[in-house]
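Below are two complexes that have chain A in common, paired first with chain B and then with chain C.
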Partner chain A sequence: MNLKKYITLTRAGMIESLQFRLGTLVIIAGNLLYLIVVYFLWKAIYASAGTDTVNGMTFSDTLIYLVLATALFNFMEMYIVWEMGRSIQSGKIALDLLKPMEYRRYMFWSYSGSFVTQFFFTFLPTFIVVAAVTQGAIHLGFNLLFFVISVVMAVSINYSIDFLVGTICLYTESIWGINIMKQVIVTLLSGATIPIAFFPEPLKTIVYFLPFQSIYNAPLSILLEGHPQPLALLATLGLQLFWCITMTILSRLFWKASLRQITVNGG
Partner chain B sequence: MSNIIEIKNVTKEFKVLNRREGLRGSLKDLFSRDYRIVRAVDNISMSIRQGEIIGYLGPNGAGKSTTIKMMTGILEPTSGEILVGGNVPYKDRTKNAQEIGVVFGQRSQLWWALPLIESFKILKDIYGVSDEDYNSMIALYKSLVDIEPLLHKPVRQMSLGQRTLSDILAAFLHNPKIVFLDEPTIGLDVSMKSRIRTLIHELNQVKNTTVILTTHDMGDVDALCQRIVIIDKGKMLYDNDMEHLKGFFGSYRTLKIRMNGDLKQLAGTIQRELPDFSVSADDEWISILVDEERSKVMEVLNQLQRSYEIRDMQLEEISTEEVIKKIYEEGVQ
Partner chain C sequence: MKRKGLGFYLRIYGKILAQDLKSKMSYRADFIISTIGMIFTNIAGFISFWILFQNFPSVGGWSYYEMLFLYGFSLVSLTPVQCFFDNNWSLRMYVYSGDFIKYCFRPINLFFYYQSEVFDIKGLGQLAFGIGTLAYSWSRLGLDFTPLMLLKMIIFLLTASLIMIALQNAAAATCFWIQNSFYVLDLVTRFKDYAKYPITIFSPVFRFIFTFVMPVAFIAYYPSFVILRPDEVPLLSWLSPLIGVLFFWLSYKIWMKGAMSYSGTGS
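Then we have the complex of A and B:
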C-alpha cells in the first residue's frame, strides 16, 4: 500500500515521457552526432599515438566504453537541478512541498518513470547493438547482474549529487551557471566523457577518492571486465555503497537545513 | 464544536536586503550585510470552525499569502502559535498536507502533459484514497459539474477556466478538512466564475469542508462567505460576519445621478463642492457616497439640483465592494 504512492509516480513519469516523441528522436539524433565526433576524435588520438594500445586500452575498447557511457548518461541524466531551480524561481515548489510525501522522495519518484523509458529506448538498444557488432567484446555472464546492481547505486549517487546542487538554487535563485558547472564536473570526473585510464596519475588518484567515478566508471568497468577478480569487484561495489549512503545522508541533511532557511525566511 | 484552525498572536518577519541603486550599488550589495526587518504579519489571532467559508481579504501585499503559507506549513511563524487540525503545520508539514488542499492562483498542481483523469489517479494514490471514497468523490463531481469532457483532455490543452475548475476538484479529491483557495476566480469570465462559486459552495455543503478564500472579487465574497477577515499591512482590521460588516457602514448610501455633459469632468466639479463625500463617475452615472450622519441624501440632491440639471437618479445601499474599499482606505474606527 505504501509502495503504491511511489509506483504511481513512476507510472505517471513513464506516460509523461512517452508524450514527447519528437524530443526522444532529437536526443537520439544528437547522440549519433556526438558519437561520430567521438569516433573521429579518438581515431585521431590513436593515430597520433602510433601504438595500438594507449593507457592499456585499444581503440575499440575506448570506443565501446564511450558509446556505452553515452547511453548510460542519457539514461541517468535527470535534469533535477534544472527542475528544482525552475520550481524555486516560479514558486511551484510550494505546491510540491504540500504533497503528503517528503520532497526528496517525491522528486526522485516523479523522475523514476523516465529512467524506465530511457532504459528501454536508449540504453538497451545501444547495448544490444554494441554487443552484436563487437561480437564478444562484452562478456555476457554474471557481470550483467553486478552491472545492474552497480547501476542502481549509480542512479542513487547521481540523484543525491543533483539534489544537493539543486538545493543550492534555494540560495542563489539562479540555475544556469550552477547547472553547467555541475554537469562539467560530473561528466569529466566520472569518466563519462574520457575514460579514467587516460587521466594523469595524480588526477586519477584524486578521482578515486571522489564520488563521481562511482556513477559512470564503476558500472562500466564491471560491465566490460569479463572475468573480474572477486576482490576487485567487491571493492568497486563497496566503494559505491559507501558513496551511496554518504551522499544520501549529505543531501538529506543539506536539504533539511536549507528548508529551514526558506521556512524561516520565505520563499 | 472545536476549532479546526487556531491562530494565536502570530507574527512573521522577513529579513530583506536593502538594495542600492545602479551598477555600483548592485556590486556593493554583493557584500552588503545591510538588512532590514519587514513585518509581513503582525500579531494576528483567529479561530476558524469546521465547515466555515472564510473570505480572507486585503489589498495586494497585505500579508494574506504569508498567513496562508504559515497555515499550510511552508513558512514558520516568527512568533505565536498556529494549530491546523491539531497539527503544528511547519513541524508536521507532511502530515498536515494530508488534511489540507490548496489552489494557488494561476499555478497548477496537475500533471501538465497528462489527461485530467490521470492526475486524479496519481493524487488518489499519493494521498492514499480508497477506491470507494475515490469513486464516490468522482460521482459527486459528475453530479455537480460537467467534467466528463474534461477528464480525458490533457491539462495543457485546457482553457484557464477549465484548468482552475480541475485544480479545485483536485484539491478536494482526498476530502481534506480544509481547502485554501488563493484567488481562484482570477482572470475568469463571468459564467465560469459563477460555476466555480457554485461548485465551491456545493462541496462545502456536502463535505463540510472548511474553505479559506482569498480574493479581490467581491462577487466571490457575496456569493460564498459568511464571515470575512480583512488584513492590511500585516495587521488585522476586521474579523466578523458579513451582516455585521454592512452594519458598520449602514449610514452610507450611494446616490447615483445622470446628467448631460462630460461626466468625469462634472464629477470633478461636484467633488470640489462636496468635499466630505467621495464622488466618482463611470460611463453612465456619477456616484456619490453619502454619509447620512453628516447630511441626508435629499439635502445633497437639493443642493445639486440648484446648480445642475439632473436627468435621472438612483439610490443604492452600499455594496460590499465599497465597504471593503472604505476599510482598505480608512480602516475600521
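Then we have the complex of A and C:
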C-alpha cells in the first residue's frame, strides 16, 4: 500500500544509524561532559544569585530545561542542510529528484529512522535519568501527552526551517557558512542554550514573534508546567500549529521556485 | 637529512600560503558567506553571555568584566588553531583515500608541510572580535597598560594557544589508528567552549580533570590570572607556558609517529 514505501525508508534509516556505534558512544560521552559543565555553571550562577527562583525558574527547572534541550537537539538535528548541500555539489540530487517520491518527503522519511533510534538511545535514557535525579520536579501527568504533541510539531517546524535553508544552497553553493548561520540563529533564538524566560524584555517579545521558540522553548515549558492554565496551553500549541503550517507552505513554495536553479556538473 | 633553517621554512610557508589564498579566492561567494557565518557565531556567543549577566551580577566570585576578559582571552588564544591548523580536519579523508602518501615524499618536515597547506582566513574575524572584547574589558576593569603587561599578555596568549593546538593535533592523529576520527575531533573542539569559564565553579574532581586530564583550564583561566589578578597568581599560571610547549611537543610526536607508520592504501 501507500504507507509501505515510507516504512521501508524508516527501516533503512534505522539500520543505517545503527552502523556507527562508536560514533554514538563518543556523542554520548560528549553530551555527558556538556551536561556536567552546564550543571556546575548554573549551580554557581544560582549560588551567586542568592535566591532560589530567578525569572520563575528554580535551579532544577533550569537544569531539566537545558538537559532536555540538548537531548531534543540530538533527536531533531538531521543535518539536512549538509546532506542537501553535498548532494547539490556532487550532483547526486539529480538522482534523488528522479525518485518516484517528492524530494521534500523523501528526505524526511529517509531520516525518520534515525528519529526512532535517537529516541530510544539518547532521548529516553536522558529523560529517565533527569526525572530520577531531580526527584519529581517533572510532573508526570497530562503534560506528558501535550509534550509529545508539541515535540511532533517542533520536529516539523525544525525540518521546514532546515529544508528552507538547504534550498538556499542551490543558489550559493556554500554549505559551511549557511549551515553555521542557521545553527547559531536557531540555537540562540529557540532558547536551546539559555531559557527564553531569562531574556531581557524587548528581546523576549521579539523572540516570541519568531518561529524558533516553538522548537525548544514551547515543548519544554509545557513539560515543566505541572498544572497549566488551559488557555495558556492552547495558545502555545496554537502558535506552534500556526508556524508548523506557515513554515511547511513557505519551504514548499521556495523549493518549487528554486528547482529551476539546479545546475548539475557532469554526471 | 640536512636540517633546514627557520628562514627556509618561513619562505616556503609564504609561497604555499599564497597558493592557498588564490584557490580560496576563486570561490568568492563561499568565502564571504563563511566569514559572515563566523562573525555570527561570535556575536551569538557574546549575546548569550550578555543575557546571562543581565540576570546575574556575578558567577562564582567573578564579575561581568572579568568573565568578559576570560571570554576574550579564550577567543584570541583559539585563533591560531583555527587559522594555521585547520587542515587537521581533512586528515582522516587523506588517510582514508590514500592521498596522504603524497606528503610523505616531500623533502621537508612532514608535519610542517601538511599543516601549511591550508590557512583559514575566517579565524581573523574571531581574532578581531576577541581583541575588541579584551580591550573593552581591560579598560572597564581599570587595569594598567604597560609594555611589560603587553609582553606578558602576548607570551601567555601564545602559550595558551599551544594547548588547543596540541589537543587538536592529537585528536586528528587518532585517524592513523582508528578509521573515523571525526567524532574525536568534534569532541575535542567542544572543549574549547568550556575554556571561557573559571574552573573554580567546578567540584574538586572536575577541577582536577579540567586541569590535568583535559587541560582546557590552561586555554584562558590560568594564563589570564597573570593579567587579571596579579596579586594572587597560582603556581600553575606560571607553569602554563611550559605546559603549553610540553603538550605541543607531545602532540607533534604522536602525530609524527602515526604519520611514519602510515603505509598507504596501496593505490
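Assume the second predicted complex is superposed on the first by the 262 of 267 C-alpha atoms of A that agree within 3 Å, B and C clash if a C-alpha of one lies under 4 Å from a C-alpha of the other, contacts with A are read in each partner's own complex, and residues count from 1 in each chain.
Note that a residue touches a chain if its C-beta (ideal position, glycine included) is under 8 Å from a C-beta of that chain, and two chains touch if they have at least 3 such contacts.
Here the structure is a predicted model, which means the values were calculated and not measured.
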### Partner chain(s) touched by A:K43 [first = chain B, second = chain C, both, neither]
second
### Query
Between chain B (first) and chain C (second), which, if any, makes contact with A:G91: first, second, both or neither?
first
### Message
Going by the contact rule set out at the top, does A:P100 touch chain B (first), chain C (second), both, or neither?
### Response
first
### Message
Is A:I15 touching anything from chain B or chain C once the two structures are fitted on A? First, second, both or neither.
### Response
first
### Task
In the overlay, answer first, second, both or neither for which of chain B and chain C A:T246 touches.
neither
### Message
By residue count, which of the two partners contacts chain A more extensively, chain B or chain C?
### Response
C
### Query
Just chain B (first), just chain C (second), both, or neither: which does A:K5 touch?
first
### chain B versus chain C as contact partner of A:T205, first or second or both or neither
neither
### Query
Of all the chain A residues, which ones make contact with chain B and with chain C?
20
### Message
Considering only the defined contacts, which chain A positions touch chain C in the complex?
### Response
20, 22-23, 26-27, 29-30, 33-34, 36-37, 40-41, 43-45, 47-49, 54-55, 172-174, 176-181, 184-185, 187-188, 193-194, 198-200, 203
### Message
Quick check: in the complex, which residue numbers of chain C touch chain A?
### Response
27, 29-30, 33-38, 40-41, 44, 47-48, 51-52, 54-61, 178, 180, 182-184, 186-187, 190, 194, 197, 201-203, 206
## Note on the structure
Note: in the complex, chain B contacts chain A through residues 14-15, 40, 66, 69, 72-76, 90, 93-95, 97-98, 100, 102, 104, 107, 109, 111, 113-114, 118, 121-122, 125-128, 154
### Summary
Within their complex, chain A touches chain B through residues 1, 4-5, 7-9, 12, 15-16, 19-20, 90-92, 94-95, 97-102, 260, 262-267
